[in-house]
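The structure appears below as structure tokens.
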Amino acid sequence: MIIILRPSASQADADQILQRISDCGLKPLCLPGTERVVLGALGDERKLGALHLESHPAVERVDAVLAPYKAVSREMHSASSVVTIGDFPVGSDRFFIVGGPCAVEGLDPLRLSAKVVKSSGAHALRGGAFKPRTSPYSFQGMGIEGLKVLRQVSDELSLPCITEVVEVADVEAVESYADAFQVGARNMQNFRLLTALGKATKPVILKRGMAASVEDLLMAAEYIVSEGNQNVILCERGIRTFEKGTRNTLDLSAVCQLKKLSHLPVLVDPSHGTGVREYVTPMACAAIACGADGVLVETHHCPQEAFSDGAQSLLPAQFEAMVNQLKAFADAAGRVI
Amino acid sequence: MIIILRPSASQADADQILQRISDCGLKPLCLPGTERVVLGALGDERKLGALHLESHPAVERVDAVLAPYKAVSREMHSASSVVTIGDFPVGSDRFFIVGGPCAVEGLDPLRLSAKVVKSSGAHALRGGAFKPRTSPYSFQGMGIEGLKVLRQVSDELSLPCITEVVEVADVEAVESYADAFQVGARNMQNFRLLTALGKATKPVILKRGMAASVEDLLMAAEYIVSEGNQNVILCERGIRTFEKGTRNTLDLSAVCQLKKLSHLPVLVDPSHGTGVREYVTPMACAAIACGADGVLVETHHCPQEAFSDGAQSLLPAQFEAMVNQLKAFADAAGRVI
Amino acid sequence: MIIILRPSASQADADQILQRISDCGLKPLCLPGTERVVLGALGDERKLGALHLESHPAVERVDAVLAPYKAVSREMHSASSVVTIGDFPVGSDRFFIVGGPCAVEGLDPLRLSAKVVKSSGAHALRGGAFKPRTSPYSFQGMGIEGLKVLRQVSDELSLPCITEVVEVADVEAVESYADAFQVGARNMQNFRLLTALGKATKPVILKRGMAASVEDLLMAAEYIVSEGNQNVILCERGIRTFEKGTRNTLDLSAVCQLKKLSHLPVLVDPSHGTGVREYVTPMACAAIACGADGVLVETHHCPQEAFSDGAQSLLPAQFEAMVNQLKAFADAAGRVI
Amino acid sequence: MIIILRPSASQADADQILQRISDCGLKPLCLPGTERVVLGALGDERKLGALHLESHPAVERVDAVLAPYKAVSREMHSASSVVTIGDFPVGSDRFFIVGGPCAVEGLDPLRLSAKVVKSSGAHALRGGAFKPRTSPYSFQGMGIEGLKVLRQVSDELSLPCITEVVEVADVEAVESYADAFQVGARNMQNFRLLTALGKATKPVILKRGMAASVEDLLMAAEYIVSEGNQNVILCERGIRTFEKGTRNTLDLSAVCQLKKLSHLPVLVDPSHGTGVREYVTPMACAAIACGADGVLVETHHCPQEAFSDGAQSLLPAQFEAMVNQLKAFADAAGRVI
């Protein structure tokens, strides 16, 4: 339910209504806007009827949210949300470019890759310390040690850093080192992890699962937001189809869908989306052109030596060229880089 | 097989070799280039061994084509091909915009839609006279009468026209009225139709089937080109996946694949690719950004009255706005509109 | 629309009503049943309202058919249809086993394979004379010559024969030689071909397209039946998915869907459905267990020499073993072999 | 690597070699067979070369395992494994039938459903206490309380019980109450959970993810087995495709693939696989016919009141009829029920 307050409503009115929502067992949500305050009530909507909020003097209107997802829907929050990572406003008119290796492989290698990211003009550093790998015999990441390395390089270069979290027990550690969480495609419906992240405060980049519909992705985001963490960023990274010429099929129309249905920022990962180095830059350009708020791109100072995903990692010169191409498209896309 | 002639080779040398290729039961192909002539031999490559062409004095080198498609591959023809529709060079630095209704519904309606296409600055008119419809009870198109209407409007407005052909028996009629054939997704592997079009001379826009891999599409194009019609243009129009928020999943990375693997021009159809009017323009912008040579877009002067596909047809003002947005992206994409 | 006549209605009543349906531009359909006659009217249902058939004294009830397919739906024809090929009643309690090579490769090879089919106790012979092949450089079939060979072997062994038709222009020739048409997956939505087959009289085995939903398949069947040929048999042969361990993903639940939604018989092709020889027999057994009316199975007297599809063709001894396994399952499935 | 010992090798030989494998950092695996002992060494195979085991007097042969999965492959363990749940030998010639509601909803409801399972002749009880639900607003399961209820009913009726585990932190609790773990499709690649289950001792039923290939499923199983828990049972439960007439597409050919590639038992879940009550029994029959070792089927004493998945739950009489139909097929399938 959306409870739209009158322009004349006071903060005390809002607080009182939020309390009543909470008292009847629903989750209250406060969405302050520039013109008026909008409140949300998440959960079994039948309970709300008993409150008769539509007759409260501070309430202008009570609307049902038709979509199965509520807090993340544009119905509830018509203005686009901006989520801040480091000091970068993701979802604003600034286009967000994140670069870095698939995995943190050590201090020196990460520093080399991160310098490329920084000097190219990108805005944040990515790198996995906990790696979900298809095979138990593949490199599984450096763990906590990797988080420390990531923090150190991030600080040295003043680049906020993003890293994957794969397990409830790691949420606290990851939050203490990184500037934003990433939830990978394989964990998009790990609901316990989502719930735990809903109780954290740092931003969460939530990647679409390989078999997840756009609606499934929004429902997964709802798990996080409904627990209280509104700093969620969605990420299209390709779905599984019959086509074998690319690792996945990057579904850019999902960007259009997500921007229409939700107020959350939307990123695109053309590296996992295609799995082929030479398709990454054109698909990053397509992403800015169709309305994405940023891209997550793998780059490695020496891809042939990468512990994982070398074939899709841009070479340093390619990463720099990609940033320049994105700059060329930014103006037409109404974006600043 | 690719037979690369020496710079010094004469036309007589080329003719003699083509004759020998033909004599041993293979299809000869002549691909004149700016620097040297390249010949192709299509068919059972073992037969070619007996000719010992590598020792012919006019021959510099004989290479195998590794891909299963030959004549359409970049291995055989490294420069991008330009295919002319009307007088528009598709595949050049000019970005090709085709607009028009799903179906030809009569002279007046088509004229109204075509005027929008023309005045917006688009380059060609589309409209189906033979409509392959899922249901036998749906409108099946105006047939020959529709072709005549299309030709008339096309001439009135000096817009070349493109229309679908669905059956071998119609190839001659369609060729006499239209400036280019379109083969729809459902007929992409109608090999008899492809073979018949290979004997025609007008350009063929070949749409990817809903379950066709990029390789399947190139093999289908090979059917046409190997019969002698080199004027083939490929078109990505969405594939079938589990995602239900769009009619199909537009696979823009197929554009990257096709441009890498083949020398043929590549268009994108964001109308069928998404099936949702408001996603068409952003996906058209994504298409120009990722390297497509043009777009095919449905527009109707009054979509709510369209006999078919109204939900994905742009309104006149939207079509005009889309052309303007494409113009804004053209420069960054290295294109002229 | 379904027009259910009273038990007392005469043939003259039925004829008169059929005439009126026809006169208003709809296709009339007569479905004689054991208890009462049911008439159908296919086309724009609004036209039927003007006839006020519900008040005709011979009419008991007029019902709308809710499904988009009409003549093929169980709503219109609640009893299962039996379609006769040669003298085999497909769709009855007898389970129909068709065997034979992918392609007719000559008189002697076909005879060898056909003898295995016959001696194993299977009921019909398959073999393609017109082969739709992904590559223009692959064997395209023997054409009319192949049809003659098929007919000859069919007659020698008293096995009815089934062969693919790929083009309107061949319908007459195929009908003159074969006992049933097969429409392949790639032509399932070749609507002109379907319409032409609707005017033929021999049975049509219609295979599901690789990206076709069950509803699409029923709509394609409707094209044939609505033209007058009610002898249609549906065939599940696998759909395209991300799974690479099999050539296609055989969707046996489609058998359940088709049997529920339609009265037409349903076959399964486990050869194309899996593409792997050792999976063919278990999937044929699964087919009889889940309610299919028969199987189409590729067998070749010497698969390693087959011109096409050798990897999925059963060896003679395997084919014989499969028939025996099917016999073991028949009783539990309520079938006779 | 597989190290095949000579028939004359002693237990001391085996122990010594296992120690050496372990000493060089690989995971040792002992697979005692009826004729000779086979040892496995999991991990970086290059390390094994340094041991020169092929020249050890007790060793007959050292073979590489070509598949990316090792411990679960038939290459390493050619005989089919039997995994015991309660006292039922899953993977033997006895066909395993598990029934029960989607979720544990309380003591009385579970008891009612369980009695149907028992009296029908099925072998184990299923029911979820921790429910992974697409929406945060749906019933999430009774948690630990549900585990207690499940244990109580299981004991009352002497039916072993199986329940889902969704989080590392719950592994111990679930193991203390249930007879077997189930890992759901959404957690198939929750590698931390798999690793934790690899350290448990009770059997694990691992369901295929909605976008997981057969190879992905085997790699996920490898995570569990390589940690030491060899009691893994695989389960096909449908994959995501474009087909909308069923909830998922049940891929029965995956049963054939899994039985060929792996020695682990394979179950089928036709309830989630189809999502439609009336398709469950025919697909269960298809499962036994194509070689599955058992089925997991949802049944509820009153589906219209079920908290979840009511539409796919069999009514009590339907469950009983399904068991009877499976019995009719068992003999032909070489199974005992």
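Some observations on this one:
We call the chains A, B, C and D, going by the order they appear; numbering starts again at 1 in every chain.
The rule is simple: contacts are C-beta pairs under 8 Å (C-beta built on N, C-alpha and C of every residue); 3 or more make two chains touch, one makes a residue touch a chain.
Fair warning: this is a prediction, and the values are worked out from it, not measured in the lab.
Comparing mean CA positions across the assembly, the chain most remote from chain C is A. Two chain pairs, A-D and B-D, are compared here, and A-D has more C-beta pairs in contact (counted per touch definition above). Averaging Cα coordinates per chain places chain B and chain D 49 Å apart. As a whole-number value, the distance joining the C-alpha centres of chain A and chain D reads 34 Å.
Listed for chain D are residues 211, 239-242, 244, each touching two or more other chains.
Remark: chain C residues 211, 213-215, 239, 241-246, 249-257, 260, 273-274, 276, 278-279, 282-283, 285-291, 325, 328-329, 331-333 touch chain D in the complex. Those residues of chain C that touch chain A in the shared complex are 240-242, 244. Those residues of chain B that touch chain C in the complex are listed here as 42-44, 68-70, 132-137, 140, 166-169, 186-187, 189-192, 195, 209-211, 216, 219, 222-223, 226-227, 239-240.
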